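Next, two complexes with subunit A in common: one pairs it with subunit B, the other with subunit C.
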Partner chain A sequence: MASSEVDIKTRSRALELIRSHFKKLVEESEKGHKLQLVFPKRTLSNTIYDQKAKMLLLGPDVQYRSFTDINEAKKFMQTLLMASIIYNTLRNNEYPTIRDLFYRGKHSISYTSVDGKTISENSWDEQRESDSVIRDLEVLLNILREDLLILSKEKGKVVGNLVIRSGNDVIDLSKMGHGAYAIEPTPDLIEFIDVDAEYVLVVEKDAVFQQLHRYGFWRKNKVVLVTSAGQPDRATRRFVRRLSEEYKLPVYVLCDSDPYGFYIYSVFKVGSITLSYESERLSTPTAKFIGVTLTDIFGTEIFKDVLKKHGVKEALEEVTKGISKLGSKQPYLTPEERKNFVIKAKLRDVERAVELVGYRVAEACLESPEYKSKIKRKEGASGYPWFLTPEWVRELCIFFYTTSKLEIEAITGKGLKFLADEYIPRKIKSGDWIE
Partner chain B sequence: MSTIGEKYTSISPAEFFYKYREVAGFANPVKAFYQTIKELIDNALDATDMHGVLPDVKISIERADEVQEFYKITVEDNGIGLPPDVVPYAFGRVLFSSKYSMKQSRGMYGLGVKMVVLYAQMTTGRPIEVTTSRENYRMIYYFKLRIDINKNEPVIIERGAWRKTRDWHGTIVSVTIEGDWNRAKQRILEYLHRTSIITPYANITLITPENEIVHYPRVTTVLPRPPRETKPHPHGIDLEMLKMLLNNNGDKTLEEILVSSFQSIGSSTAKVLLSTAGIDPSKKPRELAEEEIQKLFNTIKNYDKYRPPLSSALSPLGREVIEAGLKRIFEPEFLYAVSRSPRSYEGHPFIVEAALSYGGKTPMSPQDQPVVLRYANRVPLIYDESTDVITQVVKEDINWDHYMTSFPAQLAILVHICSTKIPFRGVGKESIADIPEIRREIRLAIMEAARELKHYLARKAREKEALRRVETIAKYIPEVARSLLIILEDESNEYAKKTLTHKLVTLVSKRSGVPVNVVDSIVKSVEIGA
Partner chain C sequence: MASSEVDIKTRSRALELIRSHFKKLVEESEKGHKLQLVFPKRTLSNTIYDQKAKMLLLGPDVQYRSFTDINEAKKFMQTLLMASIIYNTLRNNEYPTIRDLFYRGKHSISYTSVDGKTISENSWDEQRESDSVIRDLEVLLNILREDLLILSKEKGKVVGNLVIRSGNDVIDLSKMGHGAYAIEPTPDLIEFIDVDAEYVLVVEKDAVFQQLHRYGFWRKNKVVLVTSAGQPDRATRRFVRRLSEEYKLPVYVLCDSDPYGFYIYSVFKVGSITLSYESERLSTPTAKFIGVTLTDIFGTEIFKDVLKKHGVKEALEEVTKGISKLGSKQPYLTPEERKNFVIKAKLRDVERAVELVGYRVAEACLESPEYKSKIKRKEGASGYPWFLTPEWVRELCIFFYTTSKLEIEAITGKGLKFLADEYIPRKIKSGDWIE
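What follows is the complex of A and B.
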């Protein structure tokens, strides 16, 4: 197989990066310095939300991984082993997945201990371990795995008025028939040739994406239509980010109306906690949550009722200022429709919501005594800073109060026409979104 | 009970022991066999190491009758030998002994070998044979004797003398007794084994009736310092001894008697003692009234300004001998011996020595205490272990946890007590009584050795821990080296591989303090699977 030019360039750049880094490591140790790797700490405590950049970033903490430290020796060995495997795959023009890398490096290491016993262990036992050192290498070398030609499963799809070059082929994404272009695991190797769109619409659900595609939604509205098919992978996020950054296209995200949907939106916008070191390249800070919101379902009157209850207003004001001064709006659903489409939130959903906005909001707004007692153990959870805005707190407050959620499919139950021709265009036109 | 007309007859000591032989350990054919061997070996060793001679002791036991369980026991030593005129009494009259003076020796009651003779007479009727010569003698003397039990007198059956054709000195004793060899064998071997532990300077050979040879070769020429004869310490005497002294020195003044009979009494101390007792120093013993003797005795006992008893009468084994002995038998990984300074109880000097042997071939201990090897005046104590003060100290006074030791362990503790008077419990002479001064010394000696053991174990644990730590790093050296060489595109260069591996080994060695060759051996043992 003939590799494309970008591919070859990427390989030689990665090889050079790895070689020079470890050459320096050996030279340093020859000068009498410790044989150690220094890289940003990838821990929750060193993950911070940058209010200004509006994204999750790695903090300033640095980790030292020294070979002569008995607690780090194995990790050190694993890191070098992984580096050597990746180095070999780059040299041999291979495209491994992280699972391939796990199997390639998994082997036994045995030795004879001082008391004469032969002890055997594996270089690593679980993929969790090898995945972890891949992430370590990404931050150590300051390079994304995609640029090391490590592939992952293609999950994201895209259609729209968009012409790209992938490898040596030019692809027109408006001519995909009923299918769609699967976003390649190395989106940085894609070249945008022509983009003719007003905005990007990211849909959480693959089924909704297909319906909108067949309905001709993107053609009619000049939209680049993307789906992440659930939790977004890195390639999808990077692809969306490039469209936002390089073509200044507004990005709207359409998810289920539940805490999981809200979180998927936030991954697009600010990044994820486990991959915070990549936020700068993967997140789209301007992304907007178009729906479905709880206020789309219930309107804002219901929230005013909650605020009237004893102590609620004060508690919420403490969490985020200005919550009582939010504007009002009418619901998109009639009471009858609401009754049919809404489903009851499970404890799991409530707990996830507590993680997003904190225990105080839940305590103030929850009506159900059963859930109230069960989330007691989450006391002290303070929520993610990027969710502690008046708009999001109002959403979650209604969620706690009604313990209701809604899947986007339910909206299509009101008619695909309603979703495509009314709901989405109206919301975008009126600026009815949350940031 | 009517006493009138009751007849009281005195019996000779020989007759007494003949009738009450179990007192001296000759109760049955098993005990008697053991006791006979023990008495003869003790005598052989006393004749050698107590006089600065490196012992060569040969014991042979042969079946002496095809039908009956008769055994001929012959013990030969290279000791100082006996003057021919002493031989009949040394072997043929109960209570005649050279061992009444104030100096340490293995036996004390003067009974041992005579009981052997009596027992032989009683069971097989065969006489004892003694061959002896001293260093400067030109002749070797031979006796065949028995004891006249009623008269407590030796009966010489045969005697002879030969010109020495080689430079030999020592004593050969042969007796034939009835015994139960099969059941006594283990005890006898145990006794020999225990004896050999503290006599590394001796060659000891035993030939059994089965013609098995048990041999303990000499491993050192260091001998313990021989004991010197001393006068008794005034605190160590009893009223009877004092009366005997007075009787035997009838024509001396009291002052002269005190000065010449005791250590630590000069003429000024003698005067102080006599004036305290209200007795004229120039008085002669026969002029003393009974109450005056009693008063003098009390004064001597209560006076507290004497120097402590002289320890020159004692012959401790010394650290070197104890360590050589334990090393010969147990080849331990840790060994430490303590020889305490002399102390005294009730006017008797004593020295406590202790040693710990750990690991190697040291036997495994029971569940609750170390193996205890007890010795009194160089005689192994094998029975009545639980009542012995040494065992009590080991079990009650020492907190072994404190010394990083838990049982069972390959740990043996040796305690040797030497004294001019060992305070045995009972006549079995197998167990030492609980005397506070002695108990304290035993405790201090064991604690000193145990502290050394603790240091050793702590160091060993540290070293092992350091090795464990270095192992967790060193085992990854080959993998790290291989990975680096792949990245440096040098993986097929054997020289580069060697150099880099050596660099990593040196680095790990330097960081951990574990020697390069140790790290290297771990690295060499590593195998990387496919």
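What follows is the complex of A and C.
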């Protein structure tokens, strides 16, 4: 079966990379040198938030994996096993997933120990193990898995004034009817032919994407409309990043007003903590959170009440400076709408929020004694640096104070016209977002 | 913003339907007649598996909902409230989701009771309630929600030799590059312009869809390739049904070999139990389960061992006839592959399997005393009629006997070539499927 031009090139590039890398290892071995792999450490302690680049990156620590070290020998073997499996899938014109790479490498190795016993050991038992080896290889070879033609399930969709070449086809993403274009698992192989847009709007929820699409929002506003359908996958992140980088398009992210929505935004912006080595290519540092914010719901007046609470001001000044100097605004919802639309936050929402801005902020602002006692166990949490800005801390303060959250659908509940013709355009025009 | 031609027509048809239906109610009221809605009952006891049509349908029972009956007045009001909200979204050129219909109708009604107290009651508190009212309206008006332009999140994707018109666009689904076409939420508004395919292959897992797509499977075999990305949504089901009905294309479903995979197949084929009133339009009675079957993994020889177990034969004959007369076949996996690929079934897999074929079969075939004692609480389960065929019962017997399951990815683990060039074509050619 004929592969596309671009797949053939990608394949031969990846083959050459693996071949040359491991040839060096063979040469070292022939010279009688120590068999050893060296690559950046992928540990949490070596994951650093780069304030300037505004993304999570791997730090300077290096990992050695040596064949002759009893503690590292198995991992060394696993890494070589996985490299050879991937090498073969590339040669055989295949497109594996991480799940079937796990299956392909899963087997038992029997050997005779020094005291004559036959011992059987599995290459790996859990996908967790083989996935970790794939990540090691990405770091070792300095290549993303997508460029090794490893595929994965994809949820991201897009429509807009955008013409792309993917595989052997030229596709006009403004001609998708009521449907949409499902982004491919290897977004670096997409060639952008024509992009005619003012900005990119990323919508967390597929159903809201459907509504805006059907309403003609992207056509009227010249927008590339994207949905991640929940937690964004790698391909959607890379696709958005490329539009931001190559066409300097502003990127706005529209999520639910709750800590999960805030986190989805932050995955687009700074990257995910477990995959920090990929942020350099997957994250979009200029992404802006357009809403829904807690101040959209309650306005900023309520924050004065929070600040009046005993000890809050001191706690906040400790965490972030400039918290009192933030601008003010009116809410987008009436008290009646708030009453009908707002949902009470659950404990897990509160706990997630503690992870974002730390225990200190939560403890100071929370009204509910029940939640207050239950989050005690998160006492050590200091928050993610990129959420410790005055704007975000104010949002989370109001969240803790009101223990309220809101779905985007509640905004649509005011009418799709309100969302499409008022809320989004007004927020963009007036710069009412959080960075 | 300009809607598509087809949306404008759909809108005016839906408006007319609602108007004429409720006008009758007004007329009845003006004549002094009892204000009452009458429609088919959507209860489990009125959900019937139609052996001939091979789908779940609503039975003959009818539901009365009367304004003056104290037990029904609230539901009556909710139904009228929802009808008026939907009517307004249609007039306002909107595309609501069931979630924002919930928000739109959520409010408190205050009234003075006979003894002078002010009482406040909510229209509804949970989406469960408003969803149920939407379902009532679908049955009452004999129309699917999609035809009321109610949208929802969609996961289904498709590629193949298929040209469609959706909205104002003509889209060639064989020109999607490495990506795919994301099916719209209103698949009845799609116009099929050209269909050049031998059959439809529905793949449960998006990642496997990506692999087959990239490998060129659909092009070589002239296939419309669809993925439901897990449990199928309504649009994917309707899309597949239309291809089966309007083009007489055979439909094959490829799922994991476990009770959840079997159930996904059955949702495509006979419909889902809670939405049985929609089966008539959403289900594909001719759909075939192409795999992965337990007999693909173990062959049929193992079933003889099951039948040798004390009391199994009697138990099975009671449930289904012809169980001993089934054909035989060799497994697709070697013993070594089985050892590496097969996963031990969890309790919830076993429990799901009990729901499919009933407690009697499970109790007779299960080897594990632990699972046997734990499923005791499902003793009453008699199974779904459409799974009580010799072929399915044999599958589930082997499942209980071995408590084994297998993912499609394990088949890809043998090589994508094996899945694409051997397994699927061979199974289709030799008629090795279950209906």
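Everything below uses one rule, namely that the second predicted complex is superposed on the first by the 429 of 435 C-alpha atoms of A that agree within 3 Å, B and C clash if a C-alpha of one lies under 4 Å from a C-alpha of the other, contacts with A are read in each partner's own complex, and residues count from 1 in each chain.
In this section, a residue touches a chain if its C-beta (ideal position, glycine included) is under 8 Å from a C-beta of that chain, and two chains touch if they have at least 3 such contacts.
Just so you know, these numbers come straight off a predicted model, no measurement behind them.
Legend: residue contacts after superposition of the two complexes on their common chain; A:26 is shown touching subunit B, with no touch to subunit C. By the touch criterion stated above, A:84 is placed in contact with subunit B alone, subunit C being left untouched. When the two structures are aligned on the shared chain, A:341 is found in touch with subunit C, with no touch to subunit B.
Residue contacts after overlaying the shared chain place A:165 against subunit C, while subunit B stays out of touching range. Applying the stated contact rule after C-alpha superposition, one finds that A:35 touches subunit B and leaves subunit C untouched.
With both structures placed on the common chain, the touch criterion links A:110 to subunit B but leaves subunit C unconnected.
Comparing subunit C and subunit B on the residues of subunit A they touch gives the larger count to C. Taken together, the two complexes place residues 107-108 of subunit A in contact with subunit B and also with subunit C.
Note for the complex: subunit C touches subunit A at residues 1-4, 7, 89, 92-97, 99-100, 102-104, 106-108, 151-155, 157, 164-171, 175-186, 189-190, 205-208, 210-211, 214-217, 219-220, 229, 336, 339-341, 407, 409-410, 412-413, 415-417.
Contact residues of subunit B toward subunit A in the complex are 464, 467-469, 471-476, 479-480, 482-484, 486-489, 500, 503-504, 507-508, 511-512, 522, 525-530.
Interface of subunit A with subunit B (complex): residues 18-19, 22-23, 25-26, 29-30, 35, 67-68, 70, 73-74, 76-77, 80-81, 83-84, 87-88, 107-114, 118-119, 123.
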